[in-house]
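There are structures below to look over.
You will see two complexes here that share chain A, one where it goes with chain B and one where it goes with chain C.
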Partner chain A sequence: MWRSVFYKEWLKIRWFILLYALVGFVVIVYIYLKLKHSFMFLGAKNVWGAILFQSIVYFKVFRFIPLIGGTIIAFTQYLPEVLNKRIKLSFHLPLNENKILLLMQAFGALSLFISFLVFLILFGIIGLYFLPEQIVLDSLITIFPWILAGFSSYFIVSFVVLEPMWIYRFFYFLNGAFFISIHFASIITASYRPIILSLTLMSILLSSALLFSGYRFRKGESWYGKN
Partner chain B sequence: MEKISRYSLVFITVIVLSIGLPKLFWIFFEKPVKKPFIQYSCVNHDFLIYRSNEKIWEDTKGNQYSRDEYEQKLPLFFFKQLYISGTLPDSINHVPIDLKELAREKSFFHLRQGEIDAPVPDLFPLFESRSGRAMLEWPEDFFRITWRIEFIDAASNKILEEKSQMFSASLYHNGFVFPAKLISGITSQKKSCDEGYFIVDSKNQLFHLKMVIGKPYIRKIEIPYGLIIRHISCVDFKNKAFYAYLLSDKNEIYILSQNEYKLVKWPIEGYDSATSDLKIYGDMLNYTIVIEGYNYLKVIALDKKYQFIDSYSEKWDVKEDLKYGKIFASIFPAQVSMTSENSKYVRFYFSISRGFNWFLLNLALLAIHFALLYWRKKQLRNHFIDLGIIAICGIYGFLAIHFFRNKFYE
Partner chain C sequence: MDNVIECHNLTHYYGNKLVFENLNFRIKEGSILGLLGKNGTGKTTVFNILNGFLHPTKGQCFIWGEDSQYLSDMSKLRIGFLIEGHIQYAFMNIQQIERFYRGFYPRWKSASFWELISKLDISPRQRISTMSCGQRSQVALGLILAQDPDLLILDDFSMGLDPGYRRLFVDYLREYAKSENKTIFTTSHIIQDMERLIDDVLIIGSNNVLVQSTLNEFLDNFNRFDFELEESKTELKKDAILVNIERVKNKVELYTFSSENEIYKYLADKNVSVKNFKRVSMALEDAFIGLTGKY
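Moving on to the complex of A and B:
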């Protein structure tokens, strides 16, 4: 059964995830083309110096790419389900309702995970050609909270989209947006090193959020009580 | 499963609210606190205080002065202003005034509290210290110290093997034990000359490394037994009296004299690098050391031989002591922030509110929630965890559990 759910989700997101992966790839290539351009015009030693001692974050353009990815995939997966309450059909399948939601969530998260992993590997490998491993490693540590923001945005948006009541949707959106913002509190290179583990655990906790709004959706929550 | 989902969301929301609500509160109600500016006067032999909020210039005995009088009592600090006004004295304490010497002896150093607990780069440029050029030029390579010292060419991103081996061998023969614990130097081109780096090795020994005509210059520096150097700030003062300020693990401040490599401990007490800024003003006759904490300030005057002259301390009310601070402590049990003055790292900086007034609100919210459950005829045993969350997290917990309502038992 999980294969069928995965296939259904794949049909929904395939063009978006492929397009998103392409955009991510283009952004990473752009980062290094720009770095190469700076090497040519300013000299490699000056660019290294600026990265090390003037806090120049050469990959800043990547900052919101994971966040955008998480948001797009969540909308693509759950908006069609909610618009005509199509998800109710899935809830009638001979499978536990929570299991269906978790499978859907797992597929989306896995798609994002693969995209982000490809981005990180690409970023690291091309980076090592131009820069020493210390700078590349610090850059990856800087990027990591942005990646976590991508996962969190996916979990939050899917949970908000599935929430049946607009007023709660609004509060959950505000709450989620503020939570996402803590991943962007500082642009100083490697400054998130001490809390990477805590933020990762929080993202993992958020992965179960969909079950809460799924439950409310199933029960038909509304402002004046149950339907 | 839904319950786990709900408690995860409640937990995240408690964190979010404990960051966001206090921030919002202080955006509305925080009033700026202006710290006094204090300098040691070589004319009065007393500290002079400038309170910018009240526009008051006074000494420690409460005698008030006009701005001009204040500046005349700090002639070495305001010498440019006095020179323009034509009120610069010919001599101070029988020492004749020479403008060039005044400018040469004037120095300022500032170590912010967040500077030590901060990410540091692992690669450094080693300048040619005797290039024969008027301006320093950025080297083509950068060095790092791991199991040896390695120079990496920036253009090719390749290790320069010959140079790396030459410097590694030289460090090794001078007793350096790899890797390095601390590397400090002035990494800018904008300095009067290059003095390379001061490096603490893995055995807490101190070394001076620079490059002279392409060759390594390495000197092991004698340090007092048991001294563990935690931070080094290299300086480039015009008088070339010392290379750097050094900070021990016990917050003692040392200077390293230039050429003689003598470590001199300054008689300064009460400095904590984690919670206070350090400012050091030097002039022809004195050093004024200002230790600036969150709600206190301590100023110490030293003479040019680094001997203690006098000290002065002051405290002031901070936002937590004022009316809105007390209101804050009655509403919010704690506050979490992602950034701190004390560090450049992002963490969950947790601080509990002063006193226990917030606990009264926790109890009141607990009672309200209890009454709501009673009114809605809910089974109490299904809501024990929620009640516990309110008791501990107060307003944050109350809002969080009402955002994510516990309806699983209906």
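Moving on to the complex of A and C:
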């Protein structure tokens, strides 16, 4: 049965995730083309110096890419479910409702995980061609909170979209936006190193929020009353 | 015979608005119950409660003895549910949706589904979102029949179907239910279809049950009498005997569960003189309108 759930989710997101992967790839290539350009005009030594001693983040353009990915995948997966209350079809399947939601969420999170992993590997491998290992490692640590923001945005947007009442959606959105903003508070290289574990734990905890929206839907919560 | 569905003292409010109160009904295994009511009387609310999509304010429904709010996977496996408007996954094509549902139901009848689909002038690769309302409804109904459920809950199954297909579907559904001992709980805005399909009828008015009986009992016992009043100033008011009165000038349509003799006596006791008194036979639609009123 999980295969059928994954199949449905794949049908929903396939074009979006492929397009997203392509955009991510183009952004990473752009980052290094730009770096190569800087090497040619400023000299490698000066660029390395700027990265090491002035904390210049040469991959700033990648900052919101994971956030955008998480948001798009959440909308793509859950918007078709809430339009005309199609989620009823899923809840009627002979599988526990929470299990279905968790499978849907697992598929979305797995798709993002694969995309982000490909981005990080690509970023690291190309980076090692231009930069010393330490700089690449620090860059990956700098990117990590942005990746976490991608997962968190996915969990929060899923939670918001499936929530049946607009006023609650607004309230969740405000709280979610505040939480996400924490991931972007600083752009100094590797500055999130001390709180990466806490942010990771928070992201994992957020993954269960969808169950609450699902419960509220099944309970019949609705702004207009009629479910 | 066992009851497949039992609802006890079902009461529901949306905010402060009462939808229905103390609704009690049961559906026997192998029977076909039609739920009738005007718009806004809570038909879809009953269906949502039965499928666990809505917690009633008070009362409980049971399907095969399980609380409908917490149905087991095994019970859900045996229930086919048609959502009002024939809602399905519009982003899938026919092949994809068949493949998706097939994975959940061990008794899945692919051949039945494809036989039904072959009657439509559409490609298996056509997306559901690009289909006409009638085509979508046939796909949705085909999926339910392929599931081979023991209980079919069909919320307004005839919506969007053309008259020929409606007739075909109703006749097929009745034959299928009777030959395979399936239980059906359904509603439809097209009451002629219901009359052809159902064994039992449950009619809900605003907040309460108006009738719950077999279809034949209801049609035999609920009467319409037409007559003209001798005096235009005579007033007739609804009461326990006169269930509904539709009056245009002196011409009266009177709806009642009482017999012809009882109505004669009733009118005589009230000193109401009438002429051209006659009993008019009714189809289910006439009886429904007579019971619930035109407005």
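As a convention for this text, the second predicted complex is superposed on the first by the 222 of 227 C-alpha atoms of A that agree within 3 Å, B and C clash if a C-alpha of one lies under 4 Å from a C-alpha of the other, contacts with A are read in each partner's own complex, and residues count from 1 in each chain.
Convention: contacts are C-beta pairs under 8 Å (C-beta built on N, C-alpha and C of every residue); 3 or more make two chains touch, one makes a residue touch a chain.
Predicted, not measured: the structure shown is a model, and the values here were computed from it.
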Chain C versus chain B on the shared chain A, clash or fit after superposition: fit
Where the C-alpha centre of chain A sits as vertex, the angle toward chain B and chain C in the overlay (nearest 10 degrees): 140
First, second, both or neither for A:109, with chain B first and chain C second: neither
Chain B versus chain C as contact partner of A:148, first or second or both or neither: neither
Contact breadth on chain A, by residue count: chain C or chain B: B
Chain B versus chain C as contact partner of A:3, first or second or both or neither: second
Partner chain in contact with A:220 - chain B first, chain C second, else both or neither: second
Touched partner set for A:84, first chain B, second chain C, both or neither: second
Contacts of A:132 with chain B and chain C, given as first, second, both or neither: first
Touching partner for A:188 - first (chain B), second (chain C), both, neither: first
Partner chain in contact with A:11 - chain B first, chain C second, else both or neither: second
After fitting on chain A: smallest Cα gap, chain B-chain C, Å: 9
Chain B/chain C common contact set on chain A: 219, 226
Chain B residues within the chain A interface of the complex: 1-2, 4-6, 8-9, 11-13, 15-16, 19-20, 118-119, 121-125, 138-142, 144, 152, 154-155, 157, 187-188, 338-339, 344-348, 403-404, 407-408, 410
Parts of chain C lying in touch with chain A, wherever the complex brings them together: 14-15, 17, 44-45, 48, 51-55, 73-74, 76-77, 79, 81, 83, 85, 87-92, 96, 99-105
For the chain A and chain C complex, residues of the former touching the latter: 1, 3-4, 7-8, 11-12, 80, 84-86, 88-89, 91-96, 217-220, 225-227
Partner chain B, residues of chain A touching it in the complex: 39, 43-49, 52-53, 98, 128-132, 134-135, 138, 159, 168, 171-172, 175, 178-179, 182, 185-186, 188-195, 198, 202, 205-206, 208-212, 214-216, 219, 221, 226
